[in-house]
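Chain IDs A, B, C and D follow the sequence of writing; residue 1 opens each chain.
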Amino acid sequence: MSTIEQEMVHAAEGGHHDDHELPFIRKYIFSTDHKMIAKQFLFVSLFFLVIGGLLAMMMRWQLGYPGEPMPGGMMLPDAMMAPTPDGAIMLPEFYNSLVTMHGTIMIFFAIMPLLVGLFGNLLIPLQIGAEDMAFPRLNMISFWLAVPAGILMLASFAVEGGAAGSGWTSYAPLSASGEWTGVYLGQQLWLASLTILGFSSLVGAVNYITTVINMRAPGMTWFRMPLPTWALFVTAILILLAIPVLAGALIMLLFDQTIGTGFFRPEVGGEPLLWQHLFWFFGHPEVYILILPAMGIASEVLSNRARKPIFGYHSMVMAIIGIGFLGWIVWGHHMFMSGMNPLLGTSFMISTMAIAVPSAIKTFNWLATIWKGDLHLDSPMLYALAFVSMFIIGGLSGIFMASTPVDIYIHDTYFIVAHIHYVLFGGSLFAIFAGITFWFPKMFGRMMNETLNKVHFGLTIVLYNLVFWPMHNLGLQGMMRRIYDFTQYEYLAPLQPMNQFISISVFLLVAAQSVYAFNFFWSIFRGEKASNNPWDSNTLEWTVPSPPPHGNFPEMPVVYRGPYEYSSPESETDFYPQTKPPSKPPVQELIPEPVTPTPEGF
Amino acid sequence: MTTQAMTAGRAPMPGMKVYNLKLGMWIFLLSEVMFFTGLIGSYVILRFAHPEQFAEPGQVLNINLTAFNTFLLICSSVTMVKAYAAIQQGDQQGLKNWLLATIVIGASFVGVQVYEYIALAGEGFVPMAEAYHAVGRHMPHDGPAIGGQLYGSTFYTMTGFHGTHVSIGVLCLCFTYWRAAKGAYTADSLGGVEIMGLYWHFVDLVWIILFTIVYLI
Amino acid sequence: MNWSWMLPPSFSTVSGDIDGIYMVILWITGITFFITEGLLFYFIFKYRHKEGRKATYDHGSTKMEIAWTMVPLVIVLWIGAVSKGVWDTVKVDVPAAGLEVIVTGKQFEWTVTYPGPDGALGTSDDFETLNELHAPEDEAVVITLRSEDVLHSFFLPEMRIKQDAVPGRDITVWFEAIQPGDYTIGCAELCGIGHTTMGGTLTVYTAADFQAWSSSQAQQQQP
Amino acid sequence: MSTGETHKPPPYMLVWVGLFVLTIMEVFYATLSSIPKIWLAIGLMAMAFLKAYWVAIYYMHLKWEPKRLWLLVSVPIPLIMILIFVVLNEIF
């Protein structure tokens, strides 16, 4: 509370737009500037993205070459690798840790901070015309809570017994007591880390929601907000209401692990299914937390690069809200095989099927947006189109699992693994590439190298599909997920070549990302200087210098129209900035007089 | 106080017509609601699934003591709201007095809860799986087992988390009192007191529900 | 490498329906896939930037949106309705048992308990097998699924049966094999270090052979 | 802006008396062994929710807040009902 209070004073003073130089530590480390915090999230989560990729490579080595010594395995401790004369062989407990940590790190420490931490902080204030977040200091706290969480998560690899090994879903009772996995401290660190990270996201969500509701510039009505901001707003609400339920469950599980309570331990009457209900009650909204901002980013880029208004802006917004609500009533479709009451299964199947409505709106509206457009196929557009194309595949493969009888067979097989990666990698990550490339000039004042980006795009889209498409086939052949050595089952042994093929593709896919990494860092220092509005965009962030000064807007912007007025006949250029006064007299009540900032606070 | 001041120099139009601090606190309280929903939901499913593990009301827990504690918390809500009313009239002395009263009553609530925990633990009512063989109040220690593992787990988790919230509230109250003593609040700028009150009343509200569910049903 | 999207052969009375629904969904999603992706690539090619091209200024049409929303909705709800029938047969309406057994999962093995000669479980003449389930063909095998420690998932790929075993709960699973032979038993839920080794064999006999086998077993296991 | 300057001061003491009386009633009602458990639970929950409602409406000044805040505050209610309903479904 104390912080929030000083917040007010600070935020109030934000009205000054004073550009005095801050000392290094306040400017780059403990910064309260939303743009700097966004960059901090960007760098940290890119680091975790790399870690997650390396974990995936090790996992795929074991699957591609079961029981064969792993190159460089000798460098890893004996707790992870069994040393043999001709190299080190991966141990099953380490494989389980890899499965768990790859999922956890990618979801909670890479994709989520990139979408929410990076784009939420960068875009919300800039796109609604605010000089900063409502509570800048809370914003800083949210980042500095995420960092120790990440450190704890990584540290768990080094502790006795290794990192958590019960899957990123940590199903009880496997996760409720170390006696089942041999992992005691690792699992507890996993729980503690996620609890801290949850609190960090919570603080961020409070900030975003307050900012969007209260800090919009004059004339920025709800239905003049750009779609990324809309998506991030709904996402923040999902985080706000879903994370606390997870936090409660995590703490109960931590108590089961440490002080010996019995919530999820059947031997004393606990309910394993209770954990699954609580986890997925959070977990399905989480799935949408990971895709909604991506949808918003894709919509923005598609409309801009097609120089055409987004098709059906209002229904796009309604679809975002609809997905946000449906997220709360479908979580049971993760539990069809869990022993949950089968009648519940049916109702969850129907509600899950209903998701087809908002998804169809989104997909077809994206197609209709590029229809009769003027497509500038530069790298952000390519990534965004890849997002649409991959999201279609991920969405369609979802229908198989939604149908309960089919799910009986493909549940917990590689078909699910393929599905989640088509949505999370093909969906979210491609949108993240699009977003970073698109807003790179706004973040760093320079453009990314177009050629390198196109090379990276080509390699990634091809290798990505070579990796994850065959996983559908593996699943249909009945290969279970999270399995250390599938050759133990003779009916799976014939799948060896395909697994090898996938593994090799993964190694190449990860290697291909170095192109983007190089381009990213090279462009920060050497990229060509960017103008205020390199993409001829309408939204507010492009009316200010790149990168924007402290306080963002020299004077309060006034908004006259929606964000996607491209190729409008009213404008002589093919774009029509939201702040440009209209030629013909506007409708009065939509444009209130700009208020002059007053410094007075509490 | 002018709206601009409360929303950092911008009109709340379009907006919530509620200044940032207060809106932020309300939004934060929503997440708190979901947190306690998770705990209460777990309690409900465990209680219905294993009724034999849960003792009858008053068999283990001391209802009268806790009823008194509930009364304390309600009183602290009144004093808190009185403090807010005082500063609305610009009465800084009244604000300080009522805040002090709230701090004292809130702290004594925590004190009573700690005493209750110690007493219960002394009777063998603890959350641990291995140690727990519940004996009711004023029953011989070799008496029959009442309830089971889940009873202790849920009881200590739910009341414990509420107790933590109260303790945090007391600390924040002390901070608010310190600022009030410096004369930081006036009739025009009382946001700090108001959100402090919102948090405090919410904690009270949660206890009203918990007391009924955990102790009486 | 097997790039086929066909399901491997299945041998239970319900598996036909399950594979049928799978095929229906495969066709529907397949067609949708080619239409949407086709359109996408066609648009990308046709409307790529050329000198002097100007995008049409168009905010969308609610009629079209309703159209392309309702069609998928109707289709998926129909899929849902069809699925419900099969789901109920597999998981809800358990038929009269030809053979009742108890399958207990524990790290990392499946223990199967048979009723023995008197045909009743929980009597002294019950006998057990480890990681082997022996069953007669054309008879409903009703399994009471249990777990002693953590979650396991009882997976019979060829029978299209999968069900998590939850400690503290008895969950009923059933299947009816239509052809004698040896099939796979697997564990599909991560259950610890030995998860990958938790496999077994399902052996289906003709009714007569099963009688012979079970009586011989009963003999051996009686003290 | 509705921090309560506009309306006359709410009946704080009256609400306090009400809360106090309801608490006494609850404790007494809980000790009645004659009525069936289900009615005991329903009655107690009713009283508890009435008390909670009073606190929210008067002490948290919800009564004098704009309708949009009401909207915001009511968001979690359906979620609570969904969660509780489903977990109950698990048992019965």
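Some notes on this structure:
Assume a residue touches a chain if its C-beta (ideal position, glycine included) is under 8 Å from a C-beta of that chain, and two chains touch if they have at least 3 such contacts.
In this text, all values refer to a predicted model and were calculated from it rather than measured experimentally.
Note on interfaces A-B and A-C: more C-beta pairs are in contact across A-C. One inter-chain figure worth recording: subunit A and subunit B are separated by 35 Å, centre to centre, where each centre is the mean of the chain's CA atoms. Rounded to a whole number, the gap between the C-alpha centres of subunit A and subunit C is 32 angstrom.
A separation of 46 Å divides the Cα centre of subunit C from that of subunit D.
Among all residues of subunit A, those that touch two or more other chains are 241, 245, 269-271, 273-274, 277. Shown for subunit B are the residues in touch with two or more other chains, namely 6, 16, 18-19, 23, 27, 30, 34, 37-38, 41-42, 45, 49.
Residues of subunit D in contact with two or more other chains: 75-76, 79, 83, 87, 90.
All chain pairs in contact, by the document's touch criterion: A-B, A-C, A-D, B-D. Listed in rising order, the residues of subunit A touching subunit C in the complex are 92-93, 96, 99, 165-167, 171, 173-174, 180-182, 266-267, 269-273, 306-313, 315, 337-339, 342-343, 345-346, 349-350, 353-354, 356-357, 360-361, 363-365, 367-368, 370-377, 385, 388-389, 392-393, 396-397, 399-400, 402-406, 408-409, 411-413, 470, 472-473, 476-478, 480, 482-486, 488-491, 494-495, 497-498, 501, 566-569, 574. Those residues of subunit A that touch subunit B in the shared complex are 1-2, 4-5, 7-8, 11-12, 14-15, 130-131, 134-135, 202, 205-207, 209-210, 213-218, 220-222, 240-245, 247-249, 251-252, 255, 259-263, 265, 268-271, 274, 277-278, 556, 592, 595-602. Of all the residues in subunit D, the ones that touch subunit B in their complex are 1-5, 9, 12-13, 16, 19-20, 23-24, 26-27, 30-31, 40-41, 44-45, 47-49, 51-52, 55-56, 58-60, 65-66, 68-69, 72-73, 75-76, 79-80, 83-84, 87-88, 90-92.
The residues of subunit B lying in touch with subunit A in their complex are 2, 4-16, 18-21, 23-25, 27-28, 30-32, 34-39, 41-42, 45-46, 49-50, 53, 127-130, 148-150, 152-154, 156-157, 172, 175-176, 179, 184-185, 189, 191-192, 195-196, 199. Looking at the complex, you find that subunit C touches subunit A at residues 1-8, 17-18, 21-22, 25-26, 28-29, 32-33, 36-37, 39-40, 43-44, 47-49, 53-62, 64-65, 68-69, 72-73, 75-77, 79-80, 83-84, 86-88, 90-92, 107, 149-151, 153, 155, 157, 160-169, 171, 184, 186-197, 199.
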